[in-house]
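The chains carry the letters A, B, C and D, assigned in the order they are written, with residues numbered from 1 in each.
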Amino acid sequence: MKWLDRFTEESVRAVARRSSRRSLLAGIGALFVGAAALPLLPVARGAEAKPAPGKKPGGGTADPGDPSACDYWRHCAIDGFLCGCCGGTQATCPPGTEMSAITWIGTCHNPGDGKDYVISYNDCCGKTSCGRCFCNRNERDTPLYQPGQSNDYNWCAGSSQSNIPYHCSTARIVGAAE
Amino acid sequence: MIVGTALAAAVLSVSGAGKAGAALPPDVGATKTVESLPSPPGKHWLWVNDFVFPHMTDGTVHLLDGDSGKYLGLLSVGSSFSHVILPRDGKLVYSPEIYFSRGTRGTRTDVVTIYDTSTLKVVGEIGIPPKRVSSVPTSGNAELTDDDRFLLIYNFTPAQSVSVVDTMSRSFVGEVETPGCAFAFASGPRSFFGMCADASFLAVDLDDSGHAVRQTRTDALFDGAHDPVAEHPVRIGNTWYYVSFDGRIHPIRKSGASFVAEPAWPLTTAAERRAGWRPGGVQQLAIHAGLGRLYVIMHQGGRETHKDPGKSIWVYDLASHRRVQTISAAHPLVSIKASTDDQPLLFAIVAESNVIDVYAPTTGKLLRSIKDVGTTPSLIVTTP
Amino acid sequence: MIVGTALAAAVLSVSGAGKAGAALPPDVGATKTVESLPSPPGKHWLWVNDFVFPHMTDGTVHLLDGDSGKYLGLLSVGSSFSHVILPRDGKLVYSPEIYFSRGTRGTRTDVVTIYDTSTLKVVGEIGIPPKRVSSVPTSGNAELTDDDRFLLIYNFTPAQSVSVVDTMSRSFVGEVETPGCAFAFASGPRSFFGMCADASFLAVDLDDSGHAVRQTRTDALFDGAHDPVAEHPVRIGNTWYYVSFDGRIHPIRKSGASFVAEPAWPLTTAAERRAGWRPGGVQQLAIHAGLGRLYVIMHQGGRETHKDPGKSIWVYDLASHRRVQTISAAHPLVSIKASTDDQPLLFAIVAESNVIDVYAPTTGKLLRSIKDVGTTPSLIVTTP
Amino acid sequence: MKWLDRFTEESVRAVARRSSRRSLLAGIGALFVGAAALPLLPVARGAEAKPAPGKKPGGGTADPGDPSACDYWRHCAIDGFLCGCCGGTQATCPPGTEMSAITWIGTCHNPGDGKDYVISYNDCCGKTSCGRCFCNRNERDTPLYQPGQSNDYNWCAGSSQSNIPYHCSTARIVGAAE
């Protein structure tokens, strides 16, 4: 593993790059990406929260591949230890950790259904590094002075009661991208 | 917050503009964000204790499922860690932990942290005197009394004593002085013992509040000068089996308030001893009461190799003292531990690695290797 | 104590009974039990900063002598460490450190610890707000003003600000809000700047008590959308040299209270760009003012490899912008740093390793490799 | 490096094994080996504390070998990181650490002069593990319940203001053994 250029725990990925609303998210605004946005979504999508039959995440043709593998499609912009190797899944944190409120966002192509999805790479915080299944697919990363798209910040910092200690990263579907 | 709302709008808009056909459902929206584990814990779970020798401030415990090889979770347990202790229902974890206010300096704080085995969250903390031993991890550094009421923690400052913690009131009870004697092996609901430098045992009886009411010191129970036993015994009922450097099993039995030595018996024939066969490792012995089997990590070497890893597990029938099986390990091992159920697994830590091997003890077959388990794993704890 | 005296007697008796001939003198008896280092520190010393990615609570700094390759000592510097900062006389080390009361949980405490470079002992501690950025280590996370009076520390919670610490009174002065702008690069005795997401710079002037008296924001000084510059500049006087992802040098010059962009120039020819040559690594650039040379870690790859290590160091004349030398590195490198003296050494961190390579920058010769330097070394700091 | 069977930071070595005073040191007494004894010695040996000319430690024939090497003669009973690789020497602690007051003792044969020496393996404490030049020569080690001769205790604990954190180990000459 190329630890040094690839050790970064998280990366805010730019839904903006594929969105006409890019200007809304650029610059200082990107700082707060996800801080309040994601908690809003569950309310809107509660009815859709359960996987459809035959479409188990990581299984079947609709969501192909191994969520513990770096080349799993949702990991296109991840940078960290895969929570699926740490006692969590691609969508949940391991027991005893806390999911970061702030997240970084990527847009990944699902070869199973041919669609692009917005992926939220929420970190899991509050225990020491998981240390397993390090994965980095470092596309479209920007420098630290452009935080919204930089994968070099530790988003556990300030984003959870657990504060700094970073454990692993999830890859959660936000929704299909246009 | 304004921008956050803007993002929400952006995501919702792009979500609504997908290609034709049903999209995968969102995960953002699921109520569950953090996993939890079944309770009580599986009998084939193991807690791999890691004192992280190169970075001892960051001790860890790794919880694995021996059946699937799945990594279930982690505990962060502070400086110079030894091991966790589980009560018999397996629903809690007691973890004696040491912290310094500035990592490697400043004020030292010793606590027993209590975790829920289902959530791996901290559910309690008990302050104890900042005296806990710092040593190579060994099981005698802390145990629970047989009814799980009192947690016993060995102190070494270098004065020797045992801290008694009441798990019911979750409070420190007091300290029992044990001069000349090490460890805190539970030996009943209200008793424990230490092993003394002169090969005697110190038996301590507690009252219902956890205070020592009687101390009994035996004569030497083995030859501490010429063939001492390793620190790590295995237990069935009132008998503790120790192995000596030269490979003799010393059964020590609790008798009334004291301890007696049953006749010792050798693991090796004279020819095997001449060939240098001896036990080694850290957690050198494993036992399974139901099978009546004793497992010993064996290697060939001189007496000064008494802690060296071994690639052979010799299996003994406890009734006949006969070797009934030899398991050729795939890798050199330092620690072994059998699960306690009727279909047991034998867990092993591979030397110079962070790999856990899982064996079928009856066939000796290597079932799986679990990789990337911490930095310097040392002791295995299983579900009681 | 009684037994201790007995041992003393034993040792004295055996000592007095040696064989004929003069024995080696005892070390026990020497007054010196702990080493100290020359002061001021050597110009070829380097401080290798290690945030210890697998065990981030146990950050370390390793002090090496680049001439001899000797390991001089270590600092223990807490969680999510970035780097130490030295004042121009090199006699102290300022270390922004983070601790939690329970290692990875509990109360967070941020401090600046002050060490003496001669004794490597803690000589002071200054409390600061628990807001310091946790990120990939980068030099802009903390710097001293040009007269060493004020230490500037970048905060990210994710609100952005800079904590100002007075090194004279050894106290926290206050926080300067820097919304939209990252880092705390010193730019004078009473000024610093940040880099903003829109590629503008934020210039901040301080008064003699360390409070901000003026903030000036420039227009964009480079193309932040299409070819942003990497975080890590190198500086000569009032000019900071940045390198863009695609390999253009952007000199940014302080002008009055603000900053202006000098004409950018490319590191690569069109043919080299087509062949994929670009800069990479963490501390990608090094500079030597006396030689007028700029050193860049180069490799071949797509834009998303902008942080990848490189096995080639391309050397440029700062006056002519011409490449004057190419150093073929023995190993892929992630960080480089030149000493500041007239007979400079070029230090390098080898990728995926804990090895430090020392080069003669003028000949490009690898002088030595220093092994076993920490766990995940990231940034090199030299004697100013 | 055989870290697990060899990671122990220190070992109290038995001068007793070569001494008729063994009985004095056996059993519980061994617990306090060195706690008060070694501080007494400097007083008695102040005049001898400087190496004689031509007998530099680690150089010349009188003290042969490389103090940074595991096979250096004084290391016959050491167990830990060699301070000579950590910014100290075989006789001194690295800058900023503190020498443990309690020590473990070995008896090593010096091939340079044919004499046996009592060696005091004082630990250096107060910073995290040095991590360099791990060396273990684990002869005559006894179990933890015989602390005086066991190399499995961390003698930084309780023996210095620095308390637990172990950094490296020295190998200091106490005197020639009989």
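The definition used in the following text is that a contact is a pair of C-beta atoms (placed from the backbone, for glycine too) under 8 Å apart; a residue touches a chain by one contact, two chains touch by 3 or more.
On a predicted model such as this, the values are computed, not experimentally measured, just so you know.
Comparing mean CA positions across the assembly, the chain most remote from subunit B is C. Of the two chain pairs considered here, B-D and C-D, the higher C-beta contact count falls to C-D.
In terms of their C-alpha centroids, the spacing between subunit B and subunit D amounts to 30 Å.
One finds 36 Å separating the Cα centroids of subunit C and subunit D.
Rounded to a whole number, the gap between the C-alpha centres of subunit A and subunit D is 51 angstrom. Here the CA centre of subunit A is 30 Å from the CA centre of subunit C. For subunit C, the set of residues touching two or more other chains reads 54-58, 76, 79, 103-105, 122, 375. Residue positions of subunit D touching 2 or more other chains, listed in rising order: 30-32, 35, 127-128, 131, 165. Against subunit D, the residues of subunit C that register as touching in their complex are 1, 3-15, 17-19, 21-37, 58, 60, 63, 71-76, 115, 118-122, 372, 374-375. Residues of subunit A touching subunit B in their complex: 15-16, 18-19, 21, 24-25, 29-38, 40-42, 44-46, 48-52, 55, 57, 62-63, 85-99, 110, 113-115, 117-118, 120, 122, 124, 127-128, 130-133, 165, 167, 170, 172-178. Interface residues of subunit C facing subunit A in the complex, by the touch rule stated above, are 53-57, 79-80, 98, 100, 103-105, 108, 130-131, 133-136, 138, 140, 156-160, 179-183, 194-198, 224, 228-231, 280-282, 304-309, 334-335, 349, 351-352, 376, 378. By the touch rule above, subunit A contacts subunit C in their complex via residues 1-8, 26-28, 30-32, 35, 102, 126-129, 131, 138-148, 152-159, 162-166.
Against subunit C, in their complex, subunit B makes its touches with residues 52, 54-58, 76-79, 97, 99, 101-105, 109, 111, 113, 122, 375.
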